Structures are given as structure tokens and as C-alpha cells.
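In order of appearance the chains are A, B, C and D, and numbering begins at 1 in each one.
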Amino acid sequence: MRTGKLKTNNGCLAWLFLGPSLLGFSLFYLLPFVTGFFYSLVDGPINGTFVGLHNYGALLKNPSFLSALANTANFTLICVPLNMILSLGVALLLNQKIQGRNLFRTIMITPLVVPVASVVLVWQAFFDLNGVLNSLIHALGYPPVDWMKTNWSRMVLLVIYLWKNIGYSVILFLAGLQNIPAEYYEAARIDGASQSQEFFRITLVYLTPTTFFVFIISIINSFKVFRETYLISGEYPYNSIYMLQHYMNNMFIALDYQKITSAAFIMAAFIVAVVLLLFIVERKITNMIN
Amino acid sequence: MASLHLKNLSKTYPGKVTAVRDFSLEIKDQEFLILVGPSGCGKTTVLRMIAGLEEISAGELYIDDRLVNDVAAKDRDIAMVFQNYALYPHLSVYDNMAFGLKLRKIPKAEIRRNVQEAARILALEDLLKRKPKELSGGQRQRVALGRAIVRKPEVFLMDEPLSNLDAQLRTQMRIEIARLHRNLQTTFVYVTHDQTEAMTMGTRIVVMKDGLIQQIDSPQAIYDHPVNMFVAGFLGSPGMNFLEVLIIEEKGCIFAKLADALLPVPAAEGQTLKEQGYLDRKLVLGIRAEHLCGGRDFLDRHPECALRGRLEFSELRGAETYHYVRIAGREVVVRVSPELRVETGQEVRVGFNMSKAHFFDQESGVNVSSQ
Amino acid sequence: MLNRNHRIKNILHITILLVLAVLFIFPLAVTVTNSFMSEQEIANNYDPVTDKNLSSYNDDTTNHFARFQLIPDVVVLKQYYNVLIKKTQFLFMFWNSVLITFPIVIGQTIVATLAAYAFAKLKFRGRNFLFFLYIIVMLMPFQVTLVPNYLMAGQLGLLNSRWSIILPGIFSTFGVFLLKQSMEQIPDSYLEAARVDGASQLQIFLKIILPMARAGIAAMAILVFIDNWNMVEQPLIFLQDAAKQPLSLYLSRIIDGEKGLAFAASTLYMMPVLLNFLYAEKYLLEGIRLSGIKG
Amino acid sequence: MIKKKCGVVLSLVLVLSLGVFTAGCGTQAAGEANNPNSLTIAVVTKDMYLDTAVKKFEELHPGVSVEVKEYTSSTSEKGEGVRAADPGDLEKYITTMNTQLMSGQGSDIILLNNLPYQTYADKNLLVDLSGLMQSDQSFDRGKYYQNIFKALEYKNKLYGLPVNISIDMIAADRTLLAKSQVPIDDSNWDWNDFVKTAEKVINDNQNGGTQEMYALAGMDEKRLIATLVKENYASLVNPEKKTANFTGKEFHDLLSLSKYLIDHKLVNTDTAQTNITDMASRGKLVFNFTSLQGFWDLQVAKAIFSEGVQLLKPPGNVFFSTDTMYGISSKSANQKLAWEFLKFMVSDDMMTQGGMPINKSVLPQIAQNFTQAIQKRGGKMMIKDDGIPAQSITLQPPTQEDVNYMENLLSQAKVYIGTDQKIISIVQEETAAFFTGQKTAEATAQLIQDRVSTYLNE
């Protein structure tokens, strides 16, 4: 009769539900990850000898990689916070009683669903040296700017990124805002809090879990801007928007496993570090709320 | 219809938090047993162990002599009403009630009959097609009950089912549940932190604190003879008054000395205390509000038991009035007749009905009275 | 006074939102309306950008900037005729997109729902660690696992086969992440009630979790659909055979050449997503909403 | 207990999948090495030379089979069983070769043109042919143009063996040059001399008249800059050191030069309509870039400039390129046989079938073969170049002088140019705005320098 403990916490059952996902995850993600790491430690793809961290060392001296790393970090550092700030702003606007709020919401999220390839032509026509933006600038009597071929190109990417991703974040923030009980604000108002105090002491604090989520989604999407960049300016774009993905993509075409895997792991290490850090911060604030 | 036998049940959560310790209890068939205690006392954990929602860390649980430690919740033939009702939002009232029956592959006609019957009992007939979110709190509560009773289970488990209702509804549902118990003639195990519910509904009460059983008895017995200060203070409204006294013997009589006043302890009681060696030691005197009298009758008859104090506050309850009186630096609640009108701040006399008084050990809190 | 301030503020807010809305919708509007233009008209508008050689530049010195024109001079369906009837490869590639996207959406929905349930509602050892791993892997750009994935596809004989994209797609952890968040919103007591009601774990999953997580699942399915419908990198690398490539690649290729065609193809290409989105917008918004609130 | 089991299940899943993976690796490595008497050769599309070589080699070595693997999706025939390559084929070929080589698979012999073979060499994926040449007693290095081998070396090792090379020259209308009396010392001239000469010739002949004359024809700005970059490639890009020099004076000069040529209408940029052959024969063209791959090109140049042609060495070194360079995969199990085949391809016997040989003694025989070939058709030939309408011309048989000229050229070819198409297209892309006057030469050069550096440094 006593075959085992009552199956309430049900470890095995969980594994059963998890099984398919875990199997695929191991096979198509985890295992490649591990093999990738292996490749980064040897000197050749087949029968390579173990060279330790040599590939990493070499990579960290590679000017193209370093510039890609810097550009990616730079872009992510700018676009993720900016996306969060702007979308929080729009969410705050939409959180008021405003006519046509739902329509705005729908419009804001539309770019997310539009295929990249469909609008690339529009972006090209807009930002080209002979593009629409320059025709406006020309009309105002200023010299045209080659947007994709100057340091402005980072701004262009930023615009495209924001265009595509603000909507999603706005909806997330809006949900988070609506989830904060009105009593908190009322209590704060009675306690004599100013509007900015309300914002910083209540809104921001109670939005922490949402913010964390938006942060993660923003990072994922900041990597996806590569698609647009790639379709607009190809494998070797202007230097300031030459990203790690370009590097890795090009290294893949050259099938340089050592470089691509070492690059991947350096990138992975960065991501893990950032996420861990945020995880800790989020835990702290969440614990503070509860 | 079933009896339950809980034998030394314990629950330890990972991280070494022990929620329930060595819990033993026999629940008789058709009993309405109430688990009561402050939040975090482990009462819900016990209920969930009975339901099979919580693994039993140690001990044995029998339902009708069947060891069910390893039996899944669905095979224990129990029904449970949850604090937040847990009505499936995507199902109508009818489907919510029929859910368990459908899972058991009971013929459609029978399901219909059962649900209709339960709906009739609970006056839900008109609401069967609605979704939970279209119901009021009380209606949801009744659906939750209905979902439990259609299954005709051996044991009914209820986890604070009334805590989300307003006061009036709560009183009403209390009666309905009690009536339900009478009609269904099934075993009920009911968890609450509300001592009124415990006192009014159960045939037996289990008082818990910190995962341990404090006392098991009928409501009246627990009220009259609490085993310790915790039980005494927890059950009854208002809670029992506690005053620190010194037990002394003077001229062959035992007195409880409170400040300068001496309260005579009934002889038999005094003897017990003396035998236990409490002479010249401090004890806690416990006495309920209704045994502190402001009425002239009692005071006249027992002038030796009257103490002087100052009325700090009085609370009108309609049928009765509570006086909060400061005596010897401590505030006590006195139940008086509403006719007795005293101004706040005035001096009053309070009579101690010492035959109803309890004495508790200062350290252990155990009731050391003879009663 | 207060009232008037309030009204001015309100108008200001609405103006900001209106400007934003126009900016957001503009690229789409251009794409759609331009798909009804004649090749000639499109050439007039976009030649300065797409056809950059000296001779054409010198020809027309007055207008060497591209123009966005929202309303066609003449509405022409020629581009659609070309895309749908004359160029059969468009339809083939559209079908390729369908053949790649649908299995991924269906597969990932099933796999992710199961796994998300385990993560959200079942306790097991190493749960947090494993989930952290899922998040990390989800955050990695596609290129990180590219090489080993490519080799893996080679080992499994999947290279140049749709399955080399579909299989990793099915097991992407994004769906799990999204759904776990929204499943955590379902109070435990529902599951416990079902257990007491006599439901097995599978029944709980099918009859309680699935219906209650409907919005989340729908949102996930739509997001996965969008993501994979737009896929560019994977087919570029895994499908060398042009006949197997999805429409997203076809689009990126015709952009250089026939611009009018590109607009029509783009419009057709975004239609399934847009319709899908408009149809299930409620679920999508609700699902995203749920995923963002932490339990 | 159960919890433990679950852990076991998880690790089992991992181990299992790891097993699948490594097992896969194993079978793959063992895959190709089956038959010691079979060779595989990877090419984009096969040419007649290779076809003949395979046939003859199989006749000479009974029991040996040589398979040529083509990587093209094209089905159109170029004639005589040889297929034309599709534009997308090259990319596909590169990816496939990358994949195969990196995973240890692939053919024994690989056509290296357009492949990043220096990268392969860095990763030890190719066999060092100079080592094989030295250790092979039957191979007489002295019979070959050492300067060509030397030029092809990468980090002091030879990885590719060309079976046909081409030398870029500038054909000039001798009569026009003589009329204007501009002496050209092509051993020591620069691009400025080139422009000055052209200008003088055109001025002398036009004299304000309406008659149109050009220095170069059939070249739009893209083709012009690409050609010029190619001619100066060695000073602009150093693949071995992975450096580029587009911000220096050379490239700046090339930009100014091409802009000057275009702005002063010295170049006929109409690529669609211009008939170079016609213009040259009417004496309306001063120069024409030509690439000598054999007597065919030489005789065509002579026939086009019917008033007399003068072949000039472009400013700088005599450099050569090749579109038929073969290497041996270091993962090949049949390296010996592969080397035998390569050796056979450059043997006297085979070389006489070619155009510009790397083999010293065979040119007279090639000239003879060529003479026979054109005489079969009475010297009448159809020529067709990209962008130029097909046209019939009459070719003359090469003379001893021609043979000497070619031999001389070959022995002078000291610089190998393997232009990287990616760099050329970056240059073409970035110079577009320069030619339209929207960007300065400096800005353009900087952009190119940045992008190319990124590319080279990867």
C-alpha cells in the first residue's frame, strides 16, 4: 500500500509535462550551447586541439569584434531604457480617460505585427541619401544627410526599433498601471504627496515586476532590430551599426566556428550578467512591496 | 458518511517550517467539527491534508478505517469549499456544479437530477445558466456549496467559506450551512478563524495554535472550561479578562490579592490552588465579562467581591452594554444591563463572580483551576 | 481655472497621441496604398533611392529625392495580377511560409502550454534554475546557437529541409516564458478544487488550465505566428534551396528590382498577420496584459 | 526517491541527445573515405578543360574514377555539355564549400576561386602544394613559371594550382597614338599619363568637331571604378595582413581620375547601347581594358582595333589573375591521387589544351592548336561580350612574335590579384554618392575604408 508519498508535489508529473519541451530544449538549444562552448575552446572545427581561452583572447583583440561589441552594448544601453521611458510615458497618457483609447492602443501595437520585409522599402525610401527625409530637409534649406552612412544611423535604428516595439511595452505598462490599486494613490494624496512623489513612490515601485518584464522583452527585441538593419544595409553596414549579430552572421557565412562561438559566449555572459543583476534588483523591490 | 481518524499528523515544509505538529483527532461520523485558531496556526494545513492537497509529512490519516495517506484527493470521496470559492470562470453555474460529476462519468440524467436538487436546496435554480462573474458574493458562495453537495461526498471540508461575505450575509449563511449539515447528515470539517462561527456552528471545536491542538471539546465545554489562557482569550466575545493576582492565605481562607483588594477564592478552588503550591505566588485570574457584575443586586449580596474602578469607556450593544473599567491599573470589560447608565470617568464598583473565575499559571498559561 | 487647465492638458495629450498614431500607421499606409500604383508611378517616386546611377541622376535634376505618395494617381491592380497570377513563385513561397509557420505555431503552443503549466503550477526540484535557463536561452540572439544548430540539423539530416527550422521553432522557450507568467495568474485553489472534484492532472490541465489560460495561449500563438512569419535569418541559412524558402526572403530579394511588385507582395504578405491580429486583438491584448502582471 | 528519479530522467535526456549528436559526428567523419580509387572535384560548373582532363586521366589510370560535382541550379547549356552558371550559384557554392570543409566532409579537390581560401589555409583545411611539389621526384618545378607560384603563395605556402591564368592589359589604338605623337612608356607610366594621353588624342582628333571620341567605352561609373580598383588592388588591399588602404593617395587619385573621366565625358558610360567593337574599328576609341587569357583575346584585340593595336601594361606591376585554381582538401583521404590529378592537369599534355599556361614550353603548341581551330572556320568568329551585341570578326593566326610576347608577359607576371567581390561591391556602393556629387572623395574613401576594414578584420 505504501508505495510512495502522496503525489501532491508531484515531481515526476511535472517532468512529464515538461518532457516534450525539455527534450526539444536540450536537443536544439542546450546541447548546441554546450557544443558551442566546446568549439570555442578548440582551434579547429574537426579534430581541433584544446587551446583553452585562446580564441577568446584572440577575439578580444579583434577590432571588428570589439567594435561590434561596443556598438551592440551601446545600442542596447540606449534603446532599452529609451523604449521603457517612452512607453511608460505613453502608457501614462493612455491610462487617463481619453477618447479613442482602445483605438490608440490598437494602432500602437500594429507595427509589431507587420512583417519586417514589408516595410523595409519604406524605411529605405525614408532614410536614404535621396530619401524622403532629406527632401524635407532640403526643402527647409539644409544640406541632406546620409542617414544610414553617418553616425545618425544609430538614431535611425533607434527610431525603427521604437516604432516597432513601443506598442508592446505600452500595453504591458498599461496593464501594470491598471493593476495598482487606486487606494494607494488616494492614500498618498491624503498624506499630501505631490504628483511627482506619487509617481516615484507608488507608480514606479509597484510597476517593478512589469518593468522587469518589459525590460526582458525590450532586450529580446533590441536584438531583433538586426533584421531591419540587415535588410536595409546588408552584411557590412556603416560602422556604428555594425552589431554583434552582423559579426556572428558573417562569421557563420565564413563558418569560422571558433570566432562565432567565442563571440556567442561573450555575448551570453553579458546577457546573463545583466539579467542576473536585474533579477536581484527586482527581487529586492518586490520583497520590499510585499 | 464517514469517520476520520487523524493519527499524529505532522506537516513540515521544505525549509524546516513545521506547520502542524503531532495532530491527533478522531472525527465521528456526521460530526460538524470546527478547526479554529488565529491565522497561521495550521488549521488550513490540517484541512488540506485531509483533502489530499497537502502531502502528509508524518503520521497517518484514516477515512473510515482506510489509510489514505497515499490516496489522491479525487479518490478520497471528499468535497471542499474554498475560501475564494474557486468557481471556474469559464463554466456556467450548472457546469461548475456538474464538473465533478462529469469527471466521474456519471450518466447525464443523474447529473441533471443531482444538480437540480442541489440548486433547489440552495435556491440557485434561476442562476444555473449564469457565469460566476455575473453572481453576487452570496450567490457565488452558494454555488460553491452546491458544487460540493452534488457530489454527495463522505466528508465535507470547508476552508473559511464565509470570510469573503459581509456581516449580514455571513450570519445568514452560518444558519444555512448548519441547516445543510442537519439535512445532509454528513461529516463536516470546517476551518475558521472566527470564534463566533466556531461557537455557533460546530458540534465540536478544535482550537489550534502554532500547529498544536490546544483543546478539543464541545463549544460550551470549551467556553466554560478553557484549558489555557490562549483558548480562554480566543473563544468568546469579548475575550476573557486577565488580571495578575497574588494568592495568599489569611485566616484560613484563600484570597486572590489584586492591588490592595482581596478577592475571596471559593473554598474548594482555594484548596486546589494550595495543593498545587500556588500559595504566595502570582497567578493570572481569568474572568469573563458576564461574570463581572456592575448590577446592584450582586454587589449588595457580595460586597467582599466588589472592587472600585473608573469607567473609561462604555460600548452599547443593544441587548447589553460593555463597560471598560480600569481596576488596579488594568482595564477589564464588564457586561452590564443596558439600563445601567454611568457617565464615563465616574467611579464604579465591579463585582467579581469568583465562582466563575479561572486561574492560570503565569508561565505556562495552563488553567490550574479545579473546574 | 482648474477645469480649463485640465482641458488644455487633455487636448495636449490627445494631440501627442494623434501625432504618434499617424507616425505609427504611416509606413503601413504607404505600403498598402502604393501597392495599387502603376510601376511607372512608383518608379517616379522611388527611383532616386533604388536606381542610383549617374545617368538617371543627371536626367532629372529637379527631383532627385524620393517621395511618399499616399494616394495613387490611378488605381491599378496590375501589381496584384503580377504577384498572384503571373509570378507563380509568389504563391509557392507564400505556401512555404504557411508550411513553416503553422507547424511551429501549433507545435510550440502544445509544447509550451504543457511546459508552462509545469513551471507555473507544479513543484519540482530545480524549477527556478531551469526556468532561469529558459529565460537566458530565450534572450540569446539566434546567431548564438547558430553553428551547433546548423551542425545538429546536419546530423539529423534536416539541412535544406523545412524541419530544420520548424523543430527548433517548436521548442523555442519564448512561449513557455510568456505562458508561465499568465498561468501564474490562475489561483491555485482552482486546481485544488478540481483535484477534490476528482480531476486527474491531465483533466485539470485540459479542463481548467487550458480554458482559463485561453487569452494567454491565444496571445502567445499570435506572437509566435508573427515572429515566425517574419523570419529571415533561419531560412536564409538553413534553406539553400530557393524553392523551399518562405516569402520573407522573397520579399527581401525583390526589393532591389520590381518595387511595385514588392509593395503588392508586402501587402499580401502582411494580410494574414493583420487579419489574425484584428480578429484576435482582444485576446492578444488581454494575453499580453496577463503576461505582464506578476502573480 | 521519486525526485531523484526525475533528476536521473533529465540527465538521461541530456546524455541521450548528446549521444545522438556525437554518434552523428562519428559517422560523418567516416563518410567519405570509402574508395581509395575515386576522386571528387567540386566546382561551380565544369569547363571543357576539366572535362577533358578527367576523361584522359581515367584513361591513363584504369580503375580510377573521378567525379566532378557541380554546384549550380542552372540548366541552361553553354554548349558541348557545359552548363552556364547562375548568378546565385557562386554564393551557394561558397556556403556549401564552407559547410563541407568545416565539417570535415567535402570533395578531394576544390575549385578555390571565389572561396575564402586564405581562411581555409589558416585553419589547415588545405594541403600545402609546394611541399608536395618538393617531395615529388616526378614533378619538375623548373618547367613552370616560378614567378607565378611565388605570387600565389600565401604565408609562404602554395595552396592553389592555377591551370589557366589571365593578364590584364590595356589595348590602345596604335594609329591614334601615333597620330598624336604621344609616346607611352608603359613600364613607367601612371594613371595621370593615361588620362593625359587620352585627352591629347581626343583633342587632336576632334578639333572642336562634332565627331565623338572616347578614352574608354561601355563603362558606367560602377564598372569604371571596379576596373580601376582591380588594376590597383595590390596597393589597396592586403589580404595577408588584413589591411586596407583606401584613405591613402592611391585611391583618392583613382576617385579623382574616374570622376574626371566621367565629368569630362572621356568615358562613354552608356553600357546598354555602346558597341565597343564598332567604335574601336572606326577609330573612335583610344583605350580598352582587356584581359588576356590566351591567344583568343590577343587576336580579338587585334581584330577590333583594325587600324593597329598596341597592348600596354597598366600602370603598376604586371599582375595576373586566374579563374581556375584548384586546391586539395587536407581532410581528403586520397591526397596522393588528388595530387596526381592536379599534376596531370598542369602537365604538358594537358596544358597544350589551355590558354595562358603556367607551363613554360607549351605556348608554341597552344598557338598552333589555336591556329588550327580558327582556320577550320576560315578565321570568322562571333564575339559577344556582356553588354555588347554579338558581332562577327575575322581573326588572324598568332605569329611567333605573338608567342614571344605572351611568354614574356607570363615570365613578368609577378603579382597575383584575387579580387574579393565583396570589397568591389562595397566600393561600387559607396562611390555612387561620390559620382553624383553628393559626397566628397574623402568622405567616400573613409566610408569604404571603414567597411572594408571591418570586413577584413573579422
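Convention: a residue touches a chain if its C-beta (ideal position, glycine included) is under 8 Å from a C-beta of that chain, and two chains touch if they have at least 3 such contacts.
Predicted model, so just to flag it, every value in this text is computed and none were measured.
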item: Identity of the most central chain, Cα criterion; value: A
item: By number of C-beta contact pairs, the top two chains; value: A-C
item: Separation of mean Cα positions, chain C and chain A [Å, integer]; value: 15
item: Between chain A and chain B, centroid-to-centroid distance (C-alpha), Å; value: 55
item: Centroid distance [mean C-alpha coordinates] between chain D and chain B, Å; value: 96
item: Chain centre separation in whole Å, for chain D relative to chain C (CA means); value: 43
item: Touching two or more other chains - residue numbers and ranges from chain C; value: 52, 64, 124-125, 150-152
item: Overlap residues in chain B, where contacts from two or more other chains coincide; value: 52-53, 72-73
item: Numbers and ranges of chain A residues touching at least 2 other chains; value: 4-5, 9, 11, 14-15, 22-23, 27, 30-31, 35, 144, 255, 257
item: Partner chain C, residues of chain B touching it in the complex; value: 48, 51-53, 72-75, 78-80, 82-84, 86, 88-91, 99-100, 103-104, 147, 151, 157
item: Sites on chain A touched by chain C in the complex; value: 9-11, 13-15, 17-25, 27-33, 35-36, 39, 90, 93-94, 96, 98-99, 103-126, 128, 130-132, 134-135, 138, 144, 163, 167-168, 171-176, 179, 209-210, 213-214, 216, 219-220, 223, 226-227, 230-231, 244-245, 248-249, 252, 255, 257, 260-261, 264, 267-268, 271-272, 275, 279, 286
item: Chain B-facing residues of chain C, complex; value: 187, 189-190, 192-200, 203, 207-208, 211-212, 214
item: Complex interface listing, chain C residues touching chain A; value: 10, 13-14, 16-17, 20-21, 23-25, 27-28, 30-31, 45-46, 48-50, 52, 64-68, 110-112, 114-115, 117-119, 122-125, 127, 130, 132-152, 167-168, 170-171, 173-174, 176, 181, 201, 205, 222, 226, 229-230, 232-233, 237, 247-249, 251-252, 255, 259, 262-263, 266-267, 269-270, 273-274, 276-277, 281, 284-285, 288-294
item: Complex interface listing, chain A residues touching chain D; value: 4-5, 11-12, 14-15, 22-23, 26-27, 30-31, 34-35, 44-47, 62-65, 67, 129, 144, 146, 149, 235-239, 242, 247, 250-251, 253-257, 259
